[in-house]
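First the structure, in the form of C-alpha cells, and then the observations on it.
Should a chain be cited, it is by its letter among A, B, C, D, E and F, assigned in written order, with residues numbered from 1 in that chain.
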Amino acid sequence: MRPSKRNPDELRRVSIERAVSRHAEGSCLIKFGDTHVLCTASLEERVPPWLKGQGRGWVTAEYGMLPRSTTDRMRREVTVGHPSGRTQEIQRLIGRSLRAIVDLNKLGERQITVDCDVIQADGGTRTAAITGAWVALYDCIQWMKLRDMVKDDVLRDHVAAVSCGIYRGKPVLDLDYAEDSSADADSNFVMTGAGGIVEVQGTAETVAFSQDSFDQMMALARKGIGELVALQKLTVS
Amino acid sequence: MRPSKRNPDELRRVSIERAVSRHAEGSCLIKFGDTHVLCTASLEERVPPWLKGQGRGWVTAEYGMLPRSTTDRMRREVTVGHPSGRTQEIQRLIGRSLRAIVDLNKLGERQITVDCDVIQADGGTRTAAITGAWVALYDCIQWMKLRDMVKDDVLRDHVAAVSCGIYRGKPVLDLDYAEDSSADADSNFVMTGAGGIVEVQGTAETVAFSQDSFDQMMALARKGIGELVALQKLTVS
Amino acid sequence: MRPSKRNPDELRRVSIERAVSRHAEGSCLIKFGDTHVLCTASLEERVPPWLKGQGRGWVTAEYGMLPRSTTDRMRREVTVGHPSGRTQEIQRLIGRSLRAIVDLNKLGERQITVDCDVIQADGGTRTAAITGAWVALYDCIQWMKLRDMVKDDVLRDHVAAVSCGIYRGKPVLDLDYAEDSSADADSNFVMTGAGGIVEVQGTAETVAFSQDSFDQMMALARKGIGELVALQKLTVS
Amino acid sequence: MRPSKRNPDELRRVSIERAVSRHAEGSCLIKFGDTHVLCTASLEERVPPWLKGQGRGWVTAEYGMLPRSTTDRMRREVTVGHPSGRTQEIQRLIGRSLRAIVDLNKLGERQITVDCDVIQADGGTRTAAITGAWVALYDCIQWMKLRDMVKDDVLRDHVAAVSCGIYRGKPVLDLDYAEDSSADADSNFVMTGAGGIVEVQGTAETVAFSQDSFDQMMALARKGIGELVALQKLTVS
Amino acid sequence: MRPSKRNPDELRRVSIERAVSRHAEGSCLIKFGDTHVLCTASLEERVPPWLKGQGRGWVTAEYGMLPRSTTDRMRREVTVGHPSGRTQEIQRLIGRSLRAIVDLNKLGERQITVDCDVIQADGGTRTAAITGAWVALYDCIQWMKLRDMVKDDVLRDHVAAVSCGIYRGKPVLDLDYAEDSSADADSNFVMTGAGGIVEVQGTAETVAFSQDSFDQMMALARKGIGELVALQKLTVS
Amino acid sequence: MRPSKRNPDELRRVSIERAVSRHAEGSCLIKFGDTHVLCTASLEERVPPWLKGQGRGWVTAEYGMLPRSTTDRMRREVTVGHPSGRTQEIQRLIGRSLRAIVDLNKLGERQITVDCDVIQADGGTRTAAITGAWVALYDCIQWMKLRDMVKDDVLRDHVAAVSCGIYRGKPVLDLDYAEDSSADADSNFVMTGAGGIVEVQGTAETVAFSQDSFDQMMALARKGIGELVALQKLTVS
C-alpha cells in the first residue's frame, strides 16, 4: 500500500496552468500533487559564444528551489556560492530533454532559457519541471510564430518525464517524497510523444536491483508519460 | 497624470493570501498590483553563533528574485557567485524592520527566517516584501503559540512599508515600475502600526530635492502605511 | 551629556589635508575626530561597458577599512572573498552622492573612481568619506581643467554628509563610536551646498522613533552639513 | 565498422596495475585502451559531520582530469573556482557505485576516499574510474584487514562499469572518444559481480532512441561488465 | 647614474614614525623614500587551530596595497575574490621573517598579526614592510610586557630587509620603482641584527646573472640592512 | 648521516621518460627518487590579452599535486576554491625559470603552457618540475620545428633546479621529505646550462643561517645542476 493510497501505476493529480507570468514569453505552473514548479521560457536574441555565427539557436534550462519549498528550510545556493552538484545535474537534464525535441537550426541565432523554480516540493521536482518546461517552451514558440520569427516545425514532438521506484519491493509510478525517501531504487525516465527514449537514469539506493525490476519500472514510466503527454496536448489545445 | 491613472495618494490594489506554503510555519503571497512576493517564515531551534547562550532569539530575512520576475531575464545570483549589493541592502532592511517590532527576549533561543521571493516584479518589491513578511511572521508566531512555545506578546506591533517618489515634479505614493524608472526621487518608508518610524531611505535620482518635497513624501507614506496596516489586521483577523 | 562632552549640535574637530597621494589626480586625508579616511580620486579614460559610446562619463566610489582601523582587528574582506553587505551599501551611497553634483555629460567618456579607505575608525566613517570624497573629486577635476580636458562647470555644487542619532533620548549631531553603539536611532544625511537633499537614511536601532525626533535630527544635520561645506570651501580656496 | 576496428561487442584492451602509489592504502592504474585513470584509496579516521557518532563509515569519491589529459588543453577547475557540473556528476556516480557494494556498518567510523584522476583521456573515463576504484578500494580494505581493523565481509561484491552507444545506427560496447563524439546515444551502466544493476544512465544525443536499442545496449553492457569483473578477480587473486 | 642620483650603495631616505594607530597594540608608518607602509601589530588571545593546546604562540602577517598606492589604479583584491599570488608570496615572506626572530614558546597561546598596508608605492614595498613590521611587533611586545603577559626575551633579535638589483649592468642597493622596472635582476634579502640570513630571493628578469653579481648584491644588502637595524634601534630607544 | 644514506653532495636517482602523453606536444615523467612529476607542454595559438599584437609569444606554467601524492591525503584545491599561496609561488617560479631561457620574440604570437603535476611527492617537487619542464618544452619546440613554425634558436639554453639544505648542521644536496621536514634551512636554486643564476630562494626554517652556510649550499647546487643538465642532454640526444 502506497502512503498516498494510489495504485502502483497511478500518477498523482497533475495540473498545468498556462500564462502565469506577465513578463515571460511562455510560462506555466505545473503541479504533480504537492510538488509545484513555476516554468518560464525567456527568449533572447543571442546565443552562447561557442555557437555564434552558425545560424543555429540554443535551448537551455536552469533549476532552483525556493528555500522553504522543502520540509526543512534549505540554505540558498547563492549563500553557498555556487550551484550544488544536484542542481547542475538537474538543469543539464532538463536542457538536454528539451533540445531532443527542438530543431535548433530552425530557431535562428536565438536562445530560449527555461527557468524551472520549485515553489513547493514533495518529490519528483525534476520530472514535473521537464513536463512543465515543454509547455512554457511551446508557448514561447507560439509567441515567436505570432511575430513571424519562426515557422511551424521548430518543435518536433512532445517531451515529458516521470519517476518510478521500487517501494517496499514493488515497482510504482511517480514517487512522492514519502516513497522516495524509503525506496530501494529510484529511476527517472524522459520520453517523447512518439515513445522515443530521451533519458533514463536508474539508481540503486541501497542494494543493486534486477533486470526484471528495471524493465517493470520502464513499462510503468511509458504508461505515465503517455498520460502526461495527453495532458500537455489538452493544455495547449 | 500617473501611468496607472491612480491619484497621487493612491496605493495600487493590494491583496494578501495566507497559508500558501505546505511546509512553512507562516506564509503569504502579497500583491501590490503586478508586484507579487511570496513570503515564508521558517522557525529553527538555533540562533546565530554570536547569540548563543543568551536566551534570546533572532529574526532575519532573505530576499531573492526569480530570474524572469523582471521584464528582461536576470542572471541568477548563484551564477554570479554572491548576492548583489542591492539584494544585501534589501534583506538587511527587511530584517531590521521585523526586529523593530519583535521582542527577541520572549522568542527563546530560536531563529525565524523570513524568505521574501519575488515571483513577479513591477516596482516596490522591498516594500511589498516587508508588508507581507509581517503576516508570515505573525502566522509563524501563532503556530508557536498553539504549541505553547511563546506567550502572547512576542509581536509588539505591526510593521509595513511603502515607497514614494517625485514623479513629473509631484510627490506620489507607491511607485510602480513605469514611475520608478523615471522618477526624480525615490524614498522608502517603514513604519509601525502606532506610527513610529523604523526606516527612512530617501534618494535623489538626478538632482537633489527640497525639504518640502521630502516632507510631502513622508506624509503620503504615513497615509499609505496606515492603509496597509489596516489590511494586515483584516487579513489576520 | 555626550561622552566627548560636545554639545548636542556640535561636530567633532574636522580637518582636511589635500594632496596626500603622489599618484592620484586628487586626494585628501579627512579627519572627523579619531575617524581618519584617505580619499583618492583616480581618472581613467574608459567608462563601464553599459555607458560606452554615449559620450557621457561616470563617477563611482569604493570603500574599505584597514584591518586594524577598528578596536578589534577585522578580517580582510579579500579573505572572506567578497565585499560585505555593509561595504557595498556604503560604496553605493558614496557613488550616488557624488553623481548628484557632477554633470556626467560634461565629463566626457571617462570614469573617476574615488577610493575611500578608512585608516582609523571611530564612528561616522561613511559621512567623513563622502565629505572628503568631494575634495578629492574637486582636485581631480582641477587637474583635468589644467589639461583642458573639461570646462568649468562639471561640478555643479558641493556635497557633504553627517550622521545624527538619538542618544539617551536626545537628538545629537555627528555620532562617535561610543555614542553610535548605544544610540536608539542612527541617521545619515547627505546634502548639497545649496541645501538640497541627496540621501536620507534613518534607522531605528531598537524601537521606532517619532516624526518629531526625525525632524530634529534633520535640522541638526542641516546645520552640520553647512559647516562641513564651509570647511570644504576654505580647503579648496 | 568501428574506427578502432573492434567488433560491436568488444571491449578495448583493459589492464590494471596495482600498488602504483607509495602513500595510498590502495591504488591502481587502470587503462581502457588510451584512457588511463589513476585510482587511489585513502583511509581517514573520521566521517562526515552528519554521520558522526553512529558507528558507521563512509565511502566517497573524487574525480579530476589533468589539464592535458585531453586533445586540447583544458583549464584547471581550480582556476574556474569550483568543480564543473560534469565533474560533480561523475564523482557522485563513482561514490554511489562503490557504496552499493560496501557494508558501511562494518567499516567502523572511518572514511575511505577514492580519488580517480584521469592521466590520459580517450572516452569512457567514468567507467574506467569505477572499475579501477573497486580495485583500489579492495586493496585498502585488505590493508585494514592486515591490521585487524575490519572483518572479512566489508566488501559485499564486485562493481564495474562500461559505456555503450548507438554508433552509425548500431549498438556498440565501450565507446572510445572517436565514437563517443559522433554517437546518437550514449549510455553508462554500472553492475555488480552478481549482475545486479547499480546505475543506468542513457542519453539521446540528437534524437530519441527506441526501447529496442536501449535493450541491446543493456545486453552488451552486461557482457562487458562480466569481462571486467573477471579481470578484477584475476588482478586481486 | 641612478635616476634618483643616489650612490650604488645608498639607501633612500628612511623614516619610521611609531604609535600611529589609536587601536593597535603596536604600529608604525615606515617610509623608504616615496614608499610608505602602515604596519600595525594586533594581539589576539587565540592561535590557529593546528597550534591549539601546545602552549605556543604564533606570529603571522598580512599585506595589502591601497588601490591608488600605485601609478595606475589597481583593482581591489576583494573585487577579484582572492589574494593574488604576489600578495600571498609577500605576506608569507613577512610572516616567516618575523617568526625567525621571535621565541614562539615564550609568547604563550596568543597570535600577533602584523598588517602591512601600502599607502603609497615606489618600489621595495615588501622590504619596507618587513623593516617596519619589526617595529610594530616590538611595540606590541612592549605593550604585553607592561601588562606582565610576557618576559623580556620573546624577541631574540632585530630583522630588516632590503632589495638590490643589477641596474644598467651595475649592482645597486634599495631599488626604487624607476630602477626596478628596468633592472636585469632583482633580489630581496632579509637578515637579523646579528647578520644571520633569514631569506634570500634572487630573480633574473631577462637573462641569468653571474655568481659574482649575486655576491656583490649580497654585500650591498648586508651594508643596507646594517643601517636599517641601526635606525630601528634608534627608533625604539 | 642522511636518512637515505646518500653523501652530502649526492643527488637522488634521477630519471626522465619522454613522450608519456598521447596528446601533448611535449611531455615527460621525471623522477627524483620517490618524487614523480608529470610535465606536459601544450601549444596554443593565442597569447595573454596584454601581449596581443606585439608579435611575441609567452611561456607559462601551472603546478598541481594529486590529492594522494602526499603521505596524508590533501584536499583538492578546487574544493578550497582557489590555488594556495604555495601553489601560486611554485607555478610563478617555474614560469620565470623557463622564460629565462626562451627567446619569446622568436616564438611568434603563441603560448606554451607547461603543466607540472605531482603524481607522487617525497620532497623537491618544484625542482623536479623545473628540470622536467625544460624537457617537455624542448620537445614542444622540436614539434614546432618539424612543422616549420619556429627556427633553431628559440631555446637559448638549458635550465634545471635543485634544492639544498642544512641538515643536522651540515649542507646537503637535493633534500628528500625526511630531510626537508627537519632541516634548519631550505634553499632552491635554478641555473642555466651555462651556469648563470636564474633564481635563488633561501629560507631559514627556525634560526638564521650564516653567509658561509649559504655559500656552501650554492656550491652544492652548482654541482647538482651540472649533473641534471647533463642528464637533460642525454635524454634529448
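The rule is simple: a residue touches a chain if its C-beta (ideal position, glycine included) is under 8 Å from a C-beta of that chain, and two chains touch if they have at least 3 such contacts.
Chain identities (UniProt): A, B, C, D, E, F = Ribonuclease PH.
These numbers were taken from a predicted model, which means no experiment stands behind them.
**Q** Moving only between chains that touch, what is the shortest number of steps from chain A to chain E?
**A** 3
**Q** Between D-F, E-F or B-C, which repeats the contact pattern of A-B in over half of its pairs?
**A** D-F
**Q** Given a C-alpha superposition of chain B onto chain C, how large is the rotation in degrees, taken in steps of 5?
**A** With C-alpha atoms aligned, the rotation comes to 180 degrees.
**Q** What is the distance in Å between the mean C-alpha positions of chain A and chain D?
**A** 28
**Q** Express in whole angstrom the distance between the two chain centres, defined as the mean CA positions of chain B and chain F.
**A** The answer is 59 Å.
**Q** Just how far, in Å, is the C-alpha centre of chain D from the one of chain B?
**A** 51
**Q** In whole angstrom, how far does the Cα centroid of chain C sit from the Cα centroid of chain E?
**A** Result: the chain centres lie 33 Å from each other.
**Q** Counting only residues that touch at least 2 other chains, which ones in chain C make the list?
**A** Chain C, residues with two or more chain partners: 81-83.
**Q** Could you spell out the chains in ring order, with the walk beginning at chain B and its first step landing on chain C?
**A** Around the ring, beginning at chain B and stepping to chain C, we get B, C, E, F, D, A.
**Q** Once bound in the complex, which stretches of chain A touch chain D?
**A** 81-85, 88-89, 91-92, 96, 100-101, 157, 187, 191-192, 194-204, 206-211, 213-214, 218
**Q** With touch defined as at the start, can you tell me which chain F residues reach chain D in the complex?
**A** Against chain D, chain F makes touches at 21-24, 27, 34, 38, 40, 42, 44, 62, 64, 66-71, 73, 76-83, 113, 115, 117, 119-120, 122.
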